[in-house]
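There's a structure below that I have some questions on.
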Amino acid sequence: MRVSAQFSWCKGRFEAGFWFAMPALLLIALFFFVPVLAALALSFTDFDIYVLGDFSTLRFVGLSNYIRIMHDPLFWLALRNTLYFVLIGGSLSVVFSLVVALLVNHGLVRLRGLFRTLLFLPVVTTLVAIAVVWRYLYHQRYGAFNWLLEQFGISPVDWLGDIHWAMPAIILMAVWKNFGFNMIIFIAGLQSIPERLYEAARLDGAGALAQFRYITLPLLFPTFLFVSVITMIGYFQLFAEPYLMTQGGPSNHTLSLGLLMFNEGFRWWNMGYASALAFVLFIIILMVTLIQARLGKIVRTRQ
Amino acid sequence: REHAEPVVVVDFWALGREGEVVRQLVPEFERTHPGIKVKVQQIPWSAAHEKLLTAFAGRVMPDVFQLGNTWLPEFVALKAIHPLGEQVSRSNDLPLDDFFSGIVDSNRVETRLYGIPWYVDTRVLFYRKDLLTQAGFDRPPATWEEWMDMMEHVKRLDSARYALLIPMNEWQLPVILGLQLGAHLLKDNNCRGDFESPEFRQAFRFYREIYRRELAPALAESQIANLYQEFANSYFSMFITGPWNIGEFRHRLPAELQEQWATAPMPAPMAGTAGLSLAGGASLALSAASAKKAEAWQWIEFLSRSEQQAAFYRLSGDLPVRRSAWQDEILAADDKAAAFRQQLEAVVSLPRIPEWERIASRLAIALERAIRDGASDDEVLSELDRDVDRILEKRRWLLEHRS
Amino acid sequence: MNLKKLFAGIAVHAALVVVAFFATGPLLWMLSASLMPDMAATRLPPLLWPETINPAHYRTLFSQLNLLRYMGNSFILAVAVTLLSLLFNSLAGYAFAKLHFAGRSAIFRGLMAAMVIPGQVAMLPLFLMLREMGLVNTYLGVIVPGMASIFGIFLIRQYARSIPDALLDAARIDGASEWRIYWSLVLPLCRPILVTMAVFSFMGSWNDFMWPLIILTDDSLYTLPVALAGLMGEHAQDVELMMAGAVITLLPVMLVFLSLQRFYIQGLILGSLKG
Amino acid sequence: MASITFEHIAKIYPNSHNAIKDFSLSIDDGEFMVLVGPSGCGKSTLLRILAGLETATSGRILIDNEVANELTPQTRNIAMVFQDYALYPNMTVRGNLEFPLKMRGLPRAAIRSKVEEIVQLLNIEALVERLPKELSGGQRQRVAMGRALVRNPRAFLMDEPLSNLDAKLRTQMRSEIGELQRRTGATMIYVTHDQVEAMTLGHRIAVIDQGCLLQVDTPSRLYRYPANPFVAGFIGNPPMNLFNGAAFVRNGDINISLGSQQILAAQVVPGAMSITQLAQQTTVGIRPEALHLWQEGDINRLTGRVDLIEHLGHETLVYFTLDDDAGAPDTMHRAAVARIPGNIEARTGSTMAFGVASAAITLYPA
Amino acid sequence: MASITFEHIAKIYPNSHNAIKDFSLSIDDGEFMVLVGPSGCGKSTLLRILAGLETATSGRILIDNEVANELTPQTRNIAMVFQDYALYPNMTVRGNLEFPLKMRGLPRAAIRSKVEEIVQLLNIEALVERLPKELSGGQRQRVAMGRALVRNPRAFLMDEPLSNLDAKLRTQMRSEIGELQRRTGATMIYVTHDQVEAMTLGHRIAVIDQGCLLQVDTPSRLYRYPANPFVAGFIGNPPMNLFNGAAFVRNGDINISLGSQQILAAQVVPGAMSITQLAQQTTVGIRPEALHLWQEGDINRLTGRVDLIEHLGHETLVYFTLDDDAGAPDTMHRAAVARIPGNIEARTGSTMAFGVASAAITLYPA
């Protein structure tokens, strides 16, 4: 009896926390988790346009959507493209932003704030608008890139139309759009390394390279991991860039899993199939994240 | 005084430029139909299909909507469209025999009429007279053979240019060529793909040949920055496209070129056969969910009148679906439109099943594979048929299920 | 040694200028092309600057396309999403950081794991669900999924953890209620991260294309990017007009960012890495 | 102001750490009670239980003889000054001072006049419009005190309020706190690690270890008669020297052998051990200042080898190791320190002799 | 090891703050030099200039009589122990200790044996594979020292290395540092705020204020003969009492009047003031421990009203205000403190008399 009474005030705080978290949790549950579960359920049916017109034509198909995915050449193509984008685009994105962050954070830089802002600007832009610009920059005859190439005597490249160049073009644009965000996080990471350590290292006889190798790199590793995971998760969901720039072409060479899912889901209303695709994507991302986390742990314990 | 009368608002979705233009017909309608107001909303073509489907799924369909007639079967399957047979037969202003028959056919699904054609859209050949003359020809091609020959000659004028522009991922041209040869595209009651048929193979071969000989640039639609400028620059001299471009060419090409371009019906596979083209265009459909069907029908009926068709032509350049409307003085005098008038008597429609758009998108993929990746015909077409069979699985099941 | 420093400084700045040009070049060119007369951008060799400033495309956009209305829609939606998400996320983020309730850490771990789920998974059923709720084609339908976000809760929690417990205890002892503590103490203290989140949400909402495209059917409700996408479909040939449309779409969000960038970046720097 | 009683308080944290064990202590109205004890012994926990920020697992808290266990912190009306002041960084000094009154719903005029009064009391008129970050450490401390004082609480709790200050400011603030408490007659519970603060401020000092109350007494009695070796070793700086020894009574004297050296203790210190408890094994405590340079006539003589000399100016600390011919086992604590006034010189390694008064020796059961 | 000389060093920071002003100081090879001074006086700046982390605006740094101004920190071969240790958090203790040797390109075997040696010297064998975050404060401190010691630098600089430790550990580390320096005979420059550290560790202490060197001398001389009131007030805790007085020579004695009270000083303290400088206005310094309870026979007698008594156990601090019948102006410092051994009782407000030896009075020009 006494125990219950004693917790009365504690309950006050308990309840405050509960009520504070409740609205957001409810919203997330309702508008995220419920649809996700529903999608999971849908992925075992053949929900399609006929079902939309007449619900009685809905069939439970078990795993056959997933089996079909495994046999769908478009899926494999899209997976290949997506992996290409994640691996090449993701690492470029991370490495480039790291390099730029190092530059911006360099001790000799004047007007650091200005550079930081300018470099962050692409992050803020609207993709739809930016796609207009980039489609034009990539234009085979009038685009700036080919004009530049021409100055060096290189023959023009059909950036968005050539199966070899379309994905690199998408990657370049994605890097342009996203590096600023990672750069800021890297700058934060760099700034959290105490100046003391560099001073100590200098006294210990370390030159600029040794300082980078033994202080900056290892201490930036957690940031690096964070940025890689975030970038990777985001890049796996690639959709808007190819949707706006190439519609997946040429010959589906920029068709990403996200775009394939959108096409199946919202263009053809094969909701069952699209949901199954979504879960396959989810499982891939989950696995890669786990691998990354594991790798991170290994590297960290090695250090 | 006016507010005493209850006003019914009819929601109307029109696509693309039509959406802009049709607004100008509304005052006349509202004047002659007191008590009905029309609210026009414009939907961009690029998002139209998704948009209509989501609107249906979201149960926010308008009362009347424009839709490409290739989409009609899909919306019929969805039970989104109210059949119009009864209304047409009751109407005293809609003699179906005044409409081009190929177009009307494309609005039927299993013999029932679901849409009233609004304007027609078929594809003909646009060409530069001066360049053809330079290459030694004084008239447009009538047969495939002539056509190929002409293109070769044009290409020889300047190898940096091309003879023909066909956006590589557009499926229409090979389909037209196939239909001209009598290909069915689908078989077994439209339940399986038939792209491996000899007719389609032949058409496909011809189509590839154009690229193989570099008579057309391998460009996707989105890569063509300024079509009109390129046409004016002689970057290409032939172009297969629809009537909307008559207006655009007139508007955008420099004045000195206006005399130098012309239109012609599609070439035929061989002399004596018809140079068929696609029965395209847009129709007006009445939403099955509409609560204002009577008023909505009046709006459809209004737009289908001969004089409104003519008026609409003048505003938009969209070609009328009624032969009587072609007697409009401007239209009759338009030499560039004449080719369309001729072509419209020889149009056929595509398979009328909901899956056609998906099949067409697969076809587009197949075309890109063939032209860009250089996959063989066999490979591409059998793959296509397999894809199509898979797409039609549910249709087969439904048909079995019903019987 | 000083000479070496000088060279290093020059090299670093040169590299930065190149990168800055890479970052801003497309934007500058967009602005420049939007001011060129028709077809000037598609000439060989390409023009870098308009020979004469020609605002005609902007006039066209505003007169023909009802851009003000789209801009207004975008603005209303972005502001609503921003304010609501700030409220809900900060409440939850603070609760996860500082208040105790049953299952707190379990729930939080669950949320973290769910960050991996691609958003597109939920899109289709969410659409059907909102249909059942009658929210298709309403502002609310656009706002509702953005009202709370896991990432937002996470960011605010990371930041709120740095608030000393003693401060909250002091307020309790001074007689403040839990709500009062949140309102008068936690919110002001979290200002940097709130500004960051605000720009974040505003940006996200303003730039979002997919969801409004799907959920809004009535064009009087369209947002600027949706309208611009429509424009792209209809006027793809008018490069200069498109550029003007792009400029107009980008301008407001850029202004918001530039006016808040100091706080925004600071908040990101403070908030991003503490966990 | 109010009297405060802890009655058999125990606190077990959710991680099942038993931070407070059967703790009972009465604090009079107007008393200045100092809590000392090693880090983690539960001092803060006690204050937090009293303030209502934690709940006791068992036992009762009485404020003015009324059970307060069930009250929320808002209603207990107790003021607390936190170690890091916990000033609201988003409010000015005035805002900070007004906050508790606002929360209690006082009318604006009353708030204004009350704050005015406190501002004058603490001499911070010039600071009222500043933000906490614009104040120096000592000024912050005063504002924190002001925020507690402004509302006439029933008691003040202070958790190491001076630990963040530098030595000079600390001395100054220390006397200000003492002065304030004398003036207002407030009941005060004060946690500190600082010997000087504890000795100079408290009416009584409570020594706590591992959640148990070891001894509570006035500073001087605590210093002179520590109840056990822990308290003896905790109070005083350097702390009391503690040796393992053997004791036995002979001729009414208490004989103590420290290894091979012998000394006499005059008496058994009250509170430490009764004469009958004397056993072979005893802990022998001698304060560093009880050791002086040996001079003729001293009864007790202890010799040792000098390890280290620290000159502090006014006094010298001599660290030495007790000589032991018998080679006593290592377990006998032989290291010791003597505090000698003034400046003496001695070589490290040399042997020194110290005298110690019999009365200054404390004995505890080993 | 090396000797170090600062020659007319000045440092103006980019924000035009003049942190060091014409600073000259010679440190012998093997000397333990302690720098003290109020916060912000420039101690850290001096160390950083010496280490090469900052450049002097003017003046010369000599290491072993060679000008070192232009050398990079890497080449000066000076070791520094930072206040917060600055251990590399990503390396184990071994990694930290190996780092300076690796950077100097020593062969692996040499590194290994050198590290082994240091590990044993510092008694941290058990810790070598741990990361810094797995160490306690004192252990970290030892590793930081080890990282400095491992490479035979020409001098050690230590910037408040103990300020983060608690009192007990601090005492322990203090003696370890002293011990180490004695053993290795290293040249050492040590910055501290702590009186005890300064007094016990330094061979000499340099007192700095606002970038200027005020006095440098051995601890005991500094304590006994502070060169000016600032040093006098800075060294000692509680610091020396400083009064405004008037002085004049009569009959060979120095007569001092403090308000209405008179005392005699025996002599003028060397280094403070010459007898001929004596003037009417003088600052009179008396250390708290120089004041004792007055007893018959004392030459000098000062009376005052007791303000506060602080019992510290082994001694009592008596805060009092000098009596002044003449009602001297407020500007005369009359507040004083006396340090009386043992426990004395006195009521606040009562009057007490103190004796002071003539020799313990220091005079400075006012």
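Per-chain numbering from 1; labels A, B, C, D and E assigned in written order.
The rule is short, and it goes like this: a residue touches a chain if its C-beta (ideal position, glycine included) is under 8 Å from a C-beta of that chain, and two chains touch if they have at least 3 such contacts.
In this text the structure is predicted, and so the values were computed from the model without any measurement.
Undergrad: Which contact partners do chain A and chain B have in common?
TA: For chain A paired with chain B, the chains in contact with each are C, in label order.
Undergrad: With chain centres defined as mean CA positions, report which chain is farthest from chain E.
TA: B
Undergrad: Ranking chain pairs by contacts, what comes out on top?
TA: A-C
Undergrad: Taking the mean of the C-alpha atoms as each chain's centre, how many Å separate chain B from chain D?
TA: 94
Undergrad: Using mean C-alpha positions as chain centres, tell me how far chain A is from chain D in Å, no decimals.
TA: Going by mean C-alpha positions, chain A sits 57 Å from chain D.
Undergrad: From the C-alpha centre of chain D to that of chain E, how far is it in Å?
TA: Once rounded, the distance between the two centres reads 27 Å.
Undergrad: Can you list the chain A residues in contact with two or more other chains?
TA: In chain A, residues 12, 136, 141-142, 266 touch at least two other chains, as defined above.
Undergrad: Touching two or more other chains, which residues of chain B qualify?
TA: Answer for chain B, listing residues that touch two or more other chains: 50, 54, 57, 222, 225.
Undergrad: Out of chain E, which residues touch more than one other chain, so two or more?
TA: 72
Undergrad: If we count contacts the way the header does, which residues on chain A are in touch with chain C in the complex?
TA: 12-18, 20-21, 23-25, 27-28, 31-36, 38-39, 42, 100, 103-104, 106, 108-110, 113, 115-122, 124-130, 132-134, 136-137, 141-144, 147, 176, 180, 184-185, 187-189, 191-192, 222-223, 226, 233, 236-237, 239-240, 244, 258, 261-262, 265-266, 271, 274-275, 278-279, 281-282, 285-286, 289
Undergrad: Touching chain E in the complex: which residues of chain D?
TA: It comes out as residues 39, 166-167, 171, 175, 178, 193, 195-196, 199-200, 219-220, 223-224, 235-238, 287-289, 308, 310-315, 319, 339, 341-343.
Undergrad: So in the complex, the part of chain A that touches chain E is made up of which residues?
TA: The touching residues are 194, 196-197, 199-207, 210, 214-215, 218-219, 221, 303.
Undergrad: Inside the complex, what are the residues of chain B that reach chain C?
TA: For this pair, the touching residues of chain B are 16-17, 41-47, 50-51, 54-55, 57-60, 222, 225-229, 252.
Undergrad: Could you list, by residue number, the parts of chain D that touch chain C in their complex?
TA: Per the touch definition, chain D meets chain C at residues 48, 51-53, 72-74, 78-80, 82-84, 86, 88-90, 99-100, 103-104, 147, 151.
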